[in-house]
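Take a look at the structures listed below.
After this come two complexes, each holding chain A, first together with chain B and then together with chain C.
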Partner chain A sequence: MNCTPLDHLLTWSGRILVALILGFVLLPFVVVLIASFNHSSILTFPPQDWSLRWYAHAFEYDDFADGVKNSLIIAAFGSTLALVAGTGFAYVLNRYEFRGKATLHAVLMSSLVIPNFTIGLGLLILAASVSIPRSMGLLVFLHITIVLPFVVRSVYVSLQNFERQLEAAAESLGAAPRRVLFTITLPLLLPGLAAGWLFAAILSFNEFTASLFLVNQRTQTLPVAMYNYVREYADPTLAAVSVIYVVAVAAMLILAHIFFRLEKVLNVD
Partner chain B sequence: MLIDPKLQQPAEAVPGQPPARPAVKIDGVSKSFDGTLALEPTWLKIRKGEFLTLLGPSGCGKTTLLNLVAGFLEPDKGELFIDDALVTQVPVHKREIGIVFQNYALFPHMNVLKNVEYGLRTRGVPAAEARDRAMETLRLVKLDQFADRRPKQLSGGQQQRVALARALVIRPKVLLLDEPFSALDRNLRAAMQIELKEIQHSLGVTTIFVTHDQGEALSMSDRIAVMSKGRVRQIGSPEEIYASPADRFVGTFVGDANLLTGTVTTSESGTLTLDLAGTALTLPQSAAPEAAAGETVELFARPEACQLVAPGTPGAVPATVSFAVYQGAHVELHLACPAAAEGPIMLRVPVANVPKVGAAVAVALPEAPVIFTGEAQ
Partner chain C sequence: MTKRPFLGWFVTPAGLIAIGIAASFLAILQYSLRAHVPGMLDPGGFTFDNFTTLLKPAYGKAFITTVLLCFWTALFTLLIGYPLAFAMLRTRSGWVRGAMLIITLTPLFLGEVVRTYSWIIVLGNQGFLNSALLGLGLIDEPISFMFTTMGVVIALVHFTLPIVVIMLAAAIAHIDRKLEQAAFSLGAGRVRVFLTVTLPLSVPGIVAASSTAFAWTFSAFATPQMIGGGQVVTISTLVYQVGFASFNFPLAASLSLAGLLFTIAVLSIFNLGMRRIERQGAY
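The block that comes next holds the complex of A and B.
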């Protein structure tokens, strides 16, 4: 291949640009990562001494342990229920023609354009006005509202890519509709459903703004616990928690990518 | 030409055999989509063990008719019978039909054996028996050694045979084939046609085959129903369809056709005389009993029924060679002819005997050509 100096210039400037963008995206995390190993109890940068003591502290601090437990419970229930509801909605949107279909679609997607802040505040006012306590159930409900559009979208794309003729083939082979659903449709949609669930779970686990309005001391989620911690203390514990947090979520995503080929499920390849 | 429904029905009795009850009876079935008629009221009877082909261009209603028999569509009017039982309202999964889809529609999450077993498991056949019967059917299509593979790991031809095995293993009352060869390459297609026909014949399964490929239809069918614009134009054996097309559409869609325009000069006392752009042609009146003097008709002749003769031969139509296409075993001659209804006249001559381009020749027409009058044109 003949390369002119201009080609070289473009190739190298392209690589540099990509490196810059990646660096820009990763920079905050790199700072936090370095800060988490700082021995000093004041968040300074760059660190003078190195230590793992803040990691130890992060694991010993009860609010974080409770926060993780609450967040996991909320994410598990919220994303599972959102998956059930979202699959139903996506199925109806994909398979049926009816009046108000566009409206239903818009309503399902609406929480994408409403800030989480507004959703949390709205639900708080609503719950207060009908005297619903700020319980775990209410938080689960909040998280369903927030993650539903992502689940609907993920399942809808899977349904769009689904070969309908496979159902016709099963039917012609004597399978009643319920059998077609359980032996053909659902097994083939499983990767899409799993990816939808996983995304919902991660979003729910990360959610902070709306949850802040609805938690109490007993139900505070990990992000809220972290926020409360940083208001009181300025040591690098939070940096350590952040690193653990990012590593855990990244590991989950990589596993999901290996098992379900996310780019295919999300139709972005 | 609208064929009288009674004429479309096959003879109930084959000479020397007891009258066979039809395996499938399509009784005045019609279907429209959003007000557009996709299938005009159609009557058809398909004998037990018969291989019937629905042949026509895309949009002719053949797939609609297939989907109606399968039960994927419900007819607007008319009734469907399979083995004398009324099935018009019976859902697909209770019709006991086997379908081979155009893209095979094999279940990607199951291996070959599980695909073939599927129809047996839905019928509650015990696992061991289902497995044995599936393996037996896979042996029939020579794929028993691929039982553990996933469909994606097989070639197109192998996938097609899995689809066939899956449809046959349930011993369907009717086998429906929806353009099953269209995704295969040319050589494989010919081999699969022979194999399918052999299997169909040995099992004696009643088969409805949908295709737009006239070659496939001619080589595989017991009878062909030629369809166009939602209507069965003609139904008959491949020989009947090829030699005696009912109208111009059938004649030109199936095989190569030469069409000449002529005017009836006289039609009396057993003789029909035509004027083909100046050439007088005398035919038996039975060629077109209803033609009246002065009427414009079309004369239809297959290329192999036409002969190249010396110019000036009585009864032969004069023509000029416009070009010759070498095709190995023979040469295809295209002739410009004043009497031709559309395009050139085409005929095939031995390689040793090719006239020059521009040469004046004459074409001798068959003694009993098909004449299209009125609507059949």
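The block that comes next holds the complex of A and C.
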């Protein structure tokens, strides 16, 4: 390719444009980082004094500690149960034909299309009309319904790329179906299962809207506790929480990139 | 009949969950046809009143606001997402690509609350942007971003960008580079190759990304609630308000049902468009 002055102009204006877009993505996180070290409880730019007091306050604030605990419990149970149900369903979806398969599939995947506020409201009304209390169990069920489609999809893709001959070999050597499942199928599916579980757990840990409809004071999740904090207080405590969040997620993605190459994971290379 | 080991064991958990989902959907349907008894949480008798209430201007306005938010958000997200996805794929440096991927993806794994809160600090009257503009002497008084459609759209674009970039990048990555090289070898310039080869071939990705951007914006709640602050009323914020401020759950149910039907209609139109594009065969 020959490079004319116009080509250089295009290349450089393209680079500047992309840098500006990346700046837009990063802007709120840079601002929140600055704000988190602001000493006074009223935010000003640039901050007059600097301190770490909001980080200390974030760790002392009971609602956040309880929220983290609740969110971890819900994410662990929700994504594990979704993994069990989703793996089984992806397996039959991939291998068997049976009556009602299409309907079952449509109902289970529906939460991809139904807005989260509708899912939350529906479960709230259902629980109220059959007198189920707004408990942790109800929240776990809510999170299962929200993360299940992602688990099913992840496991289904792994099953599509699965070499059935390996199972056939085990069967021909006399292994019972259960033995084939536990010694051949599941171990080979492990990367897909792990990816599905991790994605489900992150999604569940961050879920806010649907949970807002179902929590009470005792069961509130971290995102709900953060939302309630912003409504009640104007100090930069949440900026400190946000910085911790951003650093944790960025670190996780950098590790994922080093080990798995994100462009491969996302199928964009 | 062929052997189907584990069929029962594997379908049952999924079946139980599906029953729960179907039941909560039926609960919404049932409530939307019941009367609201003020001061009571239990609904009254059968009625169509909730749906006639939805015809009032206030509810129509929420629908229009939501559709406009979806439109502007999808448009701006595509406009800034496309160059980002394109650059991500065409850069020769693996290091730059990795950095771009990590920066783009980080917001996807932060909750809606963290992202919205960050934008409040940026956009507020004493926020970063206004302080910077005032400090530089570019404006004399703060610009109101908070409680405006513009402010909500800015934050929603940031919210939808990661998923749109991923979808666009996947679409652009699957374009056969030989087609572009053929155009170059026939003497077309870079702009012409982009406009006549690359861009048309990424249309399926653009349609898919727009439909996802629509669905995400439609179900967004924290952003319009916290940045809109009651001034930008969307269907999601209205459902919450009708439910938890007036405790009128029958009306909230009928409003969500109307919203759901609307979403399904819009997504069907996108699907139809997708099929038509695929049928043309050029892709």
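Annotations
What we mean here is this: the second predicted complex is superposed on the first by the 223 of 269 C-alpha atoms of A that agree within 3 Å, B and C clash if a C-alpha of one lies under 4 Å from a C-alpha of the other, contacts with A are read in each partner's own complex, and residues count from 1 in each chain.
By definition in this document, contacts are C-beta pairs under 8 Å (C-beta built on N, C-alpha and C of every residue); 3 or more make two chains touch, one makes a residue touch a chain.
Remember, it's a predicted structure, so these values are computed and weren't measured experimentally.
By the document's definition of touching, of the two partners only chain C reaches A:Val230; chain B does not.
By the document's definition of touching, of the two partners only chain C reaches A:Gly14; chain B does not.
Once the two complexes are overlaid on the shared chain, A:Gly88 sits against chain C while remaining clear of chain B. Comparing chain B with chain C, more residues of chain A are touched by C. In the superposed model, A:Thr145 lies in contact with chain C only, and not with chain B.
Of the two partner chains placed by superposition, only chain C is touched by A:Leu22; chain B is not.
In the superposition on chain A, contact of A:Leu181 is made with chain C only, not with chain B.
When both complexes are aligned on chain A by C-alpha atoms, chain A residues 177 touch chain B in the first and chain C in the second. Across the complex, chain A meets chain C through its residues 1, 6-7, 10, 14-15, 17-18, 21-22, 24-29, 31-32, 34-35, 43-46, 81, 84-86, 88-89, 91-92, 95-96, 98, 104, 107-108, 110-111, 113-119, 121-126, 128-129, 141, 144-145, 148, 177-178, 181, 202, 205-209, 212-213, 223, 226-227, 230, 238-239, 241-242, 245-246, 249-250, 252-254, 257, 262-263, 266-269.
The touching residues of chain A, when paired with chain B in their complex, are 163, 165-166, 168-177, 179, 183-184, 187-188. The residues of chain B lying in touch with chain A in their complex are 70, 72, 91-99, 101, 103, 105-109, 118-119, 122-123, 166-167, 170. Partner chain A is touched in their complex by these residues of chain C: 3-7, 9-11, 13-18, 20-25, 27-28, 30-31, 41, 80, 83-84, 87-89, 97-98, 100-107, 109-115, 117-122, 124, 126-128, 131-132, 158, 161, 166, 169-170, 173, 184, 189-191, 215, 218-219, 221-222, 226, 236, 239-240, 243, 249, 252-253, 256, 259-260, 263-264, 267.
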